[in-house]
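Structures given as structure tokens follow.
Two complexes come next, and they have one chain in common, chain A, joined by chain B in the first and chain C in the second.
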Partner chain A sequence: MKKYLAQPASAQRVSVCLLAAALVLYPLAFSGAFYRDIGVTFLLAAISASAWNIVGGYAGQVSVGHSMFFGLGAYTPLLFYTLWGWPPLAGIPVGILLSVGLAIVIGLPTFRLSGHYFSMATIAVAELIRIFVGTWALVGGAIGLQGPAMSRGWWDLTFRGDLPYYYIFLAVLAFVLIVTFALERRRFGYYLRAIKSSERAARSLGVPVRRVKLQALALSAAFTSAAGSLYGVKTGFIDPDSGFGILVSVQMVIFAALGGAGTLFGPLVGALILVPLQTAANTWFGGSGSGLTFILYGGIIVLIARFEPGGLFDLWHRFAPRVWRRVHAA
Partner chain B sequence: MLLEARNVSKAFGNFRAVAGADLTVEEGEIVGLIGPNGAGKSTFFNCLAGDTLPTTGRILFDGADLTRAPPEAHARAGIGRTFQVPTTFADMSVLANVMVGAFLRHPHRNDAREHARRIVEMTGLRAEQPARSLGTPGRKRLEIARVLASEPRLLLLDESLAGLTPSELQDAIALVRRIHQMGVTIVIVEHIMEVIMTLTRRVLVFNQGRVIASGTPEEVVRDEAVIEAYLGRGAPRQRESS
Partner chain C sequence: MVLIQVIVGGLLLGAIYALFSSGLTLIWGMMNFINFAHGEFVMLGMYTALLVVVWLGGGPAAFGLAAAIALFALGVAVYVLLIRHVVRGPMLAQILSSFGLALLLRYTAFWIFSANFVSLPPTSLAGTISLGGIYLPIAQLVAGLVAITLTIALHLLLTRSTLGSGLLAVAEDRAAAMLMGIRPDRMQALTWGLSAGAAGIAGALLATAYPWSPSVGETFGLLAFVTVALGGFGSVLGSLYAGLIIGLIEAVSAYWLGAIYKDIVVYGLFVGLLWLRPQGLMGKA
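Coming up: the complex of A and B.
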């Protein structure tokens, strides 16, 4: 064990294995409905924040409108079920395709903007979609849509307890992180970080900036859409606010930023801290309808922006060497 | 003819930063570009690199018209450039910075890293150092390494040697020589006459957006129009009488 402690790289591998084991074993250790609900909520938050991280973190294109993909992913399976009785499982890939299409349509004009202007444009588009969906009767208007009440088979993805959802979500999260890890190490990942740092310099080195940003947004949209679909089928209900609401977008940004945007595990760590905190706040102070969540997010934004723009991972990287030294010396 | 810029102009509103500039560069040359501040050198450079769309004129590189092509197309064609204010990728290591350049001709990570390592070694940088922790001379060096990794045929250096101490300057001049010996054609914008005198055989002098003189470094420093551009009207006469 001493050997591991002396080598941060292997220590990292060990902590990843420990984390994976903890996540796999968590529902077995905590079987209460309350704890499982937290677990599922955490995984969903981690998936969407990690999906956002690809374009918002690595490429530094801070979208605050990712709810457009989340909502599209959540609505599509439920809509196809309501209209034609499609099993939700069949609707998920359609939602992903629609989201990728939307990402390209949105990305082409908005990527001409940079910094805050890009963020503002994404908010505007997401809000327009939310308002539009709220007035469109075919998709349930302001009331929203419902999924299958009774399961006709596993392809309906309608389960009694939270346990099947937990493991499905965990598998999706693992997939998203593995894909991100693989891309991070390739040319694509280097290009994303270069774009984040300086688009002008990146272009001068032959990086096709607009294409790379579009690819990142499309991939991010696909994963976000999948997260939305999982939310839709798990909850069995979706309305404009829970699908396309700005809080959905803001959550992804906050989770990723708190943990560390542009790092592989940052969004997961952010969700790991914030989801239980949120649940606790809702339990203690009653109801999610209160503005407390917003106050919490606002406070976190202020703290991150003021003290730790790099997120907790950055903080860890600065303090870890000292901790290692002390552990080693002891 | 490797590069041919014909009658290039760039206007910002009513102000013509570059007004009908011509430049031809043969393969294997080192050409110097000098001129007082605000003469339009950097704007002209940006036109050559595709960063700025010229208002008029044409830019041909190796026979292909790149006038309206984006900067990434210029890089692919083989025109590399550095920036007057160094713009390194601060969040990445020196090696990762250079790898971004290397990826242009080496799409696979291991090839790119291998290539980048050689360049980092040649330029005397430390591979694992975070780019953020470099000072200005280090950043300028890193910019050169990074663009070198993209294997340009023509390198546009925009005051890459400014702000260096005398010994750093000698190192940098040696580095530019090495790059030139590797077969890279170089156009260099510089204020330091020592650099221009030692490195270049041919110099173009810019003033108010146009080329006012060209020739060997020795010729242009004696040119009356050049002296006037730097020191103002009447300067040559005063100098003679003194």
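Coming up: the complex of A and C.
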């Protein structure tokens, strides 16, 4: 626990309050469409990366196919709207239920085996779903689905500007982080960290390893699905690649890993750095930007793995105490 | 008769799957490490073959050998520069290292070679032959047979040679192997070289008979997972059988259901295996 006490608790509390205030005030300070778009993209990235973090970071079960939950969440509301005219808000819980079901189906067999197996299974299942959805006419095939063009009421979650989305996303992000914070300090959180550092040791000490991993995956899937739903209703459009594509999974992993996997604010910090960078790359390099973004991501991931597997969080906690001491000594 | 032709074609392609999958299973068996960039090694083998043919000329033997050597070198380099440093680190670092490498190689290839499909100019293996009423492109036949031979050779190298014993000794017990005068780091570098080299040759063999683009890396990488999962982790012989089975299933399902569905059938098989027999055909749980 020493890691968490690297700074005095009051300093930590102040910085969290500052961060919250900055996020609440951001759209009021920057009202241009471009800045609001970046803000919304950032919040969405932070939500999904924080959701991934629960199973990938805290429990150390590295999923590289979380897009399956994201895509399910994004597709379900739009599918129900297309089929029966349900308001998207009603489809979101169904998407969450489906995602939790899928999480259990994948987790039950793979959590018996080593962690690598889980990673492989997630990427293969995500790819299976992506290809399958692309050939299934009912869910729009390769073209995808569209949401309501005109809002019939607030429950359609179809708004003109980005502002309402911004605050909805911010509320969801706050919820995800509060739940994670609460879990971190309970027995469940200690179980997760125990499993991450040594599964065998955790089991021998009586941690119900498989059940805990499964619960973490289910919770992570539910949040990821919600993030997908928000993406779906915000863009009003979803296709196999933007829902189930590998980039979706990669982003969750890289945001969390850059900031610090298994830390509360790590995914948020990762998204804070990479989302503007990605937007800048797309603006500067135009159409070829997306390919370059991937190369950049690959490079960053390799460098993190090689030099800083703890992410920026670890780096900070190695350097911050020294700085702190020097400041106070002076 | 068409069905027989489909089956033979599937088995010949499956032999190549077996060759590159044996590289993946080798690394898994040696060091409990899953290389997410393995499909990209196959893809790079294909482009190496193309570059050698275009720049230097030469027949299938020349570019096959060139692809093997180039990828062997790449495999050793990847081990020395990256994998060696993460393999005893946290799980996240292990998975991210090869996953990031896969993205880096794949999208660099997209950047350099563009997303267009390419194929080799006609080689000395052009043309078809008729065997008892079935028509086969010579390139496919030769590629499949070479792939089977090499996979069996790899299996024999591991089980029958001193070098193979050294490799297995390191996999079994690193410290004990070191006491016996085996250098684990060298053996593991060699494993990565062999694994990537197998992928490289498999790529060159595929290039003689099939067109490709940088995106095949992802397809072959996933296929290799499925093959290794079916054959059992760490078993070269298992991946030989599994590769043939998967080539067969793919060909037959493409013939009956349509080409789009063959991937669904193969990945569906993987999900089914996960539930029923996660240790694979020849693996130990």
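Throughout what follows, the second predicted complex is superposed on the first by the 319 of 330 C-alpha atoms of A that agree within 3 Å, B and C clash if a C-alpha of one lies under 4 Å from a C-alpha of the other, contacts with A are read in each partner's own complex, and residues count from 1 in each chain.
One rule holds for everything that comes next: contacts are C-beta pairs under 8 Å (C-beta built on N, C-alpha and C of every residue); 3 or more make two chains touch, one makes a residue touch a chain.
All values reported here derive from a predicted model rather than from experimental measurement.
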Partner chain(s) touched by A:241 [first = chain B, second = chain C, both, neither]: neither
Contacts of A:294 with chain B and chain C, given as first, second, both or neither: second
Partner chain(s) touched by A:201 [first = chain B, second = chain C, both, neither]: first
Touched partner set for A:305, first chain B, second chain C, both or neither: second
Touching partner for A:184 - first (chain B), second (chain C), both, neither: neither
Chain B versus chain C as contact partner of A:209, first or second or both or neither: first
First, second, both or neither for A:193, with chain B first and chain C second: first
Larger contact residue set on chain A - chain B or chain C: C
Shared chain A surface residues [contacts with chain B and with chain C]: 196
Contact footprint of chain A on chain C as seen in their complex: 28, 32-34, 36, 82, 85-86, 89-97, 99-108, 110-111, 218, 222, 225-226, 229, 260-261, 263-264, 267-268, 270-271, 274-275, 278, 285
Of chain A, residues touching chain B in the complex: 185-187, 190-191, 193-194, 196-198, 200-209, 262
Interface residues, chain A side, partner chain C - complex: 56-57, 60, 62, 64, 106, 109-110, 112-117, 119-121, 123-125, 127-128, 131-132, 135, 196, 246, 250, 253, 257, 261, 288, 291-292, 294-295, 297-306, 309
Chain A partner contacts - residues on chain B that touch it in the complex: 49, 51, 70-72, 74-76, 80-81, 83, 87-92, 96, 99-101, 103-104, 107-109, 112, 146-147, 150
